[in-house]
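Note that subunit A is present in both complexes that follow, paired respectively with subunit B and with subunit C.
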Partner chain A sequence: MVVLRDIVITGLLLGGILALVSVGFSLQYGVARVLNVSHGEFIMLGAFITFWLFTSVDLNPLVSLVVTAPLIFVIGWFLHATLFRRLMNTAPALGVFEGWSMLASFGLLYVVQNLARIIWGSQTHQVIFLNRAVTGAQIPLNRLVALGVCVVVGVVFYLFLTRTRLGKAIRASAQDPTVAGMMGVNINSVLAICFGLGLAMAGIAGSLISTVYAIQTSMGLQYTVIAMIVVILGGLGSITGAMIGGVVLGIVSQLVTHFQPTMTFIAYYVIIIILLLARPKGIMGK
Partner chain B sequence: MGKFALTKNRIVSLAILVVILVFLALLPTITKGYLVTLVADMMRYAVLTVAWVVFCAPTGYLSLATAAFYGLGFYVAAVFNGPLPFAVVIIIAGVVAFIVALLIGLLTLRLRGVYFTIFTFAVVLLVNNVVLEVERLVTGTRGRFVETETAQTAFYAMLVVLIATLLTAVLIRRSRYGLALQSIGEYEEAAAHSGINVVMTKVLVFATTSVFMGMAGAIIATRRTYIDPGIAFNMTTSFLPVLMAMFGGMGNLVGPVIGAAVFTYIGETLLTRFPDLYMLIFGVVLILAILFMPAGILGLGQQLWRKVKGGRRAPA
Partner chain C sequence: MLRVDGLSTGYGHVQVLWDLSLNVEEGEFVALIGANSAGKTTLLKTISGVMRPWSGTVTFQGKRIDTMHPNEIVDLGLSHIPESRKLFTDMSVKENLEMGAYPRRTWKDRANTMRWVFELFPRLEERKNQLARTLSGGEQQMLAMGRGLMSRPKMVLIDEPSNGLAPIVVAEVFQILKSLHAEGITILLVEQNVRQTLQVADRAYVIENGRLVLQGACSFLQANEHVKKAYLAL
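Up next, the complex of A and B:
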């Protein structure tokens, strides 16, 4: 039972990070309609900026969130305002835009990953931070802190979406961009903010990951795929679905890792296939 | 039989096609160097792109599973080439790709739009992981060595596969399956109601086009000595055909071939000139290309042509 309890707890801790990654991914597709294949690269970027601040000026990884999140938000906002907005204006139909934007984000994946490789090399790094166990269960403190940050970000984001004017504009744009535009929502600005927010969440997740796991410049794609799987599990564009999906996947991944680490990815797939046969549009999908 | 009547246009394009094929067939006898490898590479991407276009262009289902079938071809070549003749190996690769594509098709039947894209994207990593796991349990190694073939053999094999791909593409587009695919792309429910077996058509065409992806993989694998899952199931292989098809234009079959040739050439040039920055520059080229000529090379040509021609007329 102790083993099971530890698996569930570590699964929950990992699930928090996965949920954060997936909510960002889901936001980018759900509102801005960009299937961002380069999402994971910004997780890597967040992780490496944290690592760089940690080793050069000895900055606490939690404090560095104040740097990484806004910085990556601005990058995302800028990318949408230049690249994706232009594509959206030239594309004849939404389907075409989705295809183009996915390809453009694939190009972005190359650019970001290779720039990072040139700057930081391709070896493995880790940020050693709060690496001690909490009494009782063998839970490292850094994972607990990471989960705490995820929960805080999740709650703040939820309040932002439901309680603020901008949040309302975002929800309206997700439902129907044209009508939202007619009602006086500045669509271009809202979409750019959403894309930026999605990337900022990836950046925060990256910072947290750097304190828990080893990081490399090639780590991005694996997180993109996890985000995709979580989002299929939860239903595309559904924020709640992404959170539930993240936690489910976290627990499953720990469960499989306990018995056979190399089978983790295959297990994800088995779950997806079962779920797709039962609910083709995800847990929270309509 | 108006459909197959030999109009003047048809004769001209047929003549051009024959000239190109004769030139390709004679190429390895003229030069023996780098050009043969380069053209074989172009033909490889032409096979992948045309095979991709046949299913994905009319239906609007954007598949990113190309690398899965292509990589399986690699592994078939690694296992069977040597003990079995090369031609048989290529056919086995096609059969394996067909069966796997059939399975994937049956699983993705219920998925629409972006769900299908995501599923196929992740399928490549699934196959990658399964192969890795099988290798770990069975052989206890990570990679494999492949029995090599000469550049010339690979070139001719690829030429044959390219011709087969193009022929199949033309036949599918002209058959009732082609029409069925198009109506699925327009409105899937309506297609189902007008008596098209939507599921059968999709799965069958998806699996048929995957055969050529597997074959191309088996041929290219023999030009390498060592493969591992990371090499075989590279995500780039899934994205490049989409890119090349978009640049060539998907309305006909000439566009994808031109797109494949142009992009292979750009890629090769970058790789030889800037081996360290190759991926970075390629990413930039990709973004710029989508940004400034999304309608593709042929689209750009048509635009220019319209400007030149339409100078005397008022815009309609």
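Up next, the complex of A and C:
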């Protein structure tokens, strides 16, 4: 029982982080139509900025979220306002833009990853933070804190999407950008904000990951791959689907890892094959 | 109020509109009639900034709008109610209406505007918490019109509001158009339902293969041989 409880709790934590990563990825694809292959690199960037602030000025990793999230948001906003908007305006059709923007994001992947390698090298690091077990349980406190942050970010983002003017504009733009424009939404601005928000979520996930797992400058791509799996699992473009998919994948991953660690990635793909056979459009797909 | 001058446009290399000119005065109810794919929808899209003209100009209240983005044009008080409703189907009726009031100018006062829209369309108030896609065809058209009115427009472009509706609902839609006109809103209506359109509008333009072929008061067009034969099946 205790073992099962610990598996569920660590699974929930991983699931929370994966959900955060995937919601960000889904926001970029579902609204801005950019299949951002470099998404994971900004997780790495978030992790390393946290690590760097932690080792150089001894900044609490939770406080560093206040730095990483806005900084990476601005980077994302700027990337969209320059690079992706230009591609969007020159592409003859949406399908062409999706191809171009994916290639551009491949380029970003190498640029960001190699810049990080020049700065931080390629060895493994970890931020030692709250690394003590909670009394009576085997779960380290830092994991519970990270899970708490995921939940808070998820709830705040949900309220933002459903209660605010900009949040509603984002949902409307995801459904029909042309009509959203006719209602008065400045589409270019909303797309850049969505791209920035998506990256900021990657950055937050990265900061949390640095307190729980070992980090390397090459860590990004595996998270991008997982985000793609989660987003297909949850239904392309669906934010709720990405949340559910992330949590499901997190728990399954911990279950499998407990019994047979080498099987984790195989389990991901088995789940996705079964799901796509049963529900080709994903959990929340239409 | 609205002036279109020598407008040509199209998709890719296919030209749809050819040197088209028309104007609508403040307070007028003008209709645009013509067969399927005559270019009526394309014309409305070009006026509201969704499409760009290849040549020619569009002026609204003395201001050139043909290089503006759709969000800037709706902010000037020119609202486009698109063909086949184009609702945000995964949002509630209330949220769809709120989106209509998106310009800063109208966002703050959206609760009051919504009350006005609910007076025009009482059925929307009963359904305000339902998702837009659960509405019937007629209710969806009401919502599309209500949403288009939430930006407090001086002029509306309405594209085929009667399309796909039962005759009794069509009559209701035309009744609402009349009352909007009575409230002082200038209307440019695109319709295939020529008979009823000519009964409610002041003037009409007939568009065929992307060119204007005929224009005049509705009473004149009702008596015109070409209109009778081609559009009224008389």
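Worth pointing out:
Convention: the second predicted complex is superposed on the first by the 286 of 286 C-alpha atoms of A that agree within 3 Å, B and C clash if a C-alpha of one lies under 4 Å from a C-alpha of the other, contacts with A are read in each partner's own complex, and residues count from 1 in each chain.
In this text, contacts are C-beta pairs under 8 Å (C-beta built on N, C-alpha and C of every residue); 3 or more make two chains touch, one makes a residue touch a chain.
As the structure is a prediction and not an experimental result, all values here were calculated from the model.
By the touch criterion defined above, A:S56 lies against neither subunit B nor subunit C after alignment on the C-alpha atoms of chain A.
Legend: residue contacts after superposition of the two complexes on their common chain; A:Q123 is shown touching neither subunit B nor subunit C. Of the two partner chains placed around the shared chain by superposition, subunit C is the only one that A:N186 touches, whereas subunit B remains out of contact.
By the touch criterion stated above, A:F106 is placed in contact with subunit B alone, subunit C being left untouched. More residues of subunit A are in touch with B than with the other of subunit B and subunit C. Contacts of A:Q175 after superposition: subunit C is touched, whereas subunit B is not reached.
After overlaying the two complexes on the shared chain, residue contacts for A:N89 are found with neither subunit B nor subunit C. Residues of subunit B that touch subunit A in their complex: 60, 62, 107, 110-111, 113-115, 117-119, 121-122, 125-126, 129-130, 132-133, 136, 235, 239, 242-243, 246, 277, 279-280, 282-287, 290-291, 294.
Taken together, the subunit C residues at the contact with subunit A in this complex read 12, 48-50, 69-71, 74-75, 80, 82, 86, 88-91, 95, 98-100, 102-103, 107, 147, 151. Taken in their complex, subunit A has these residues touching subunit B: 29, 35, 37, 83, 86-87, 90-91, 95, 98-100, 102-104, 106-111, 113-115, 118, 221, 225, 228-229, 231-232, 236, 262-263, 265-266, 269, 272-273, 276-277, 280-281. By the touch criterion stated above, subunit A contacts subunit C in their complex at residues 92, 165, 168-169, 171-172, 175-176, 178-187.
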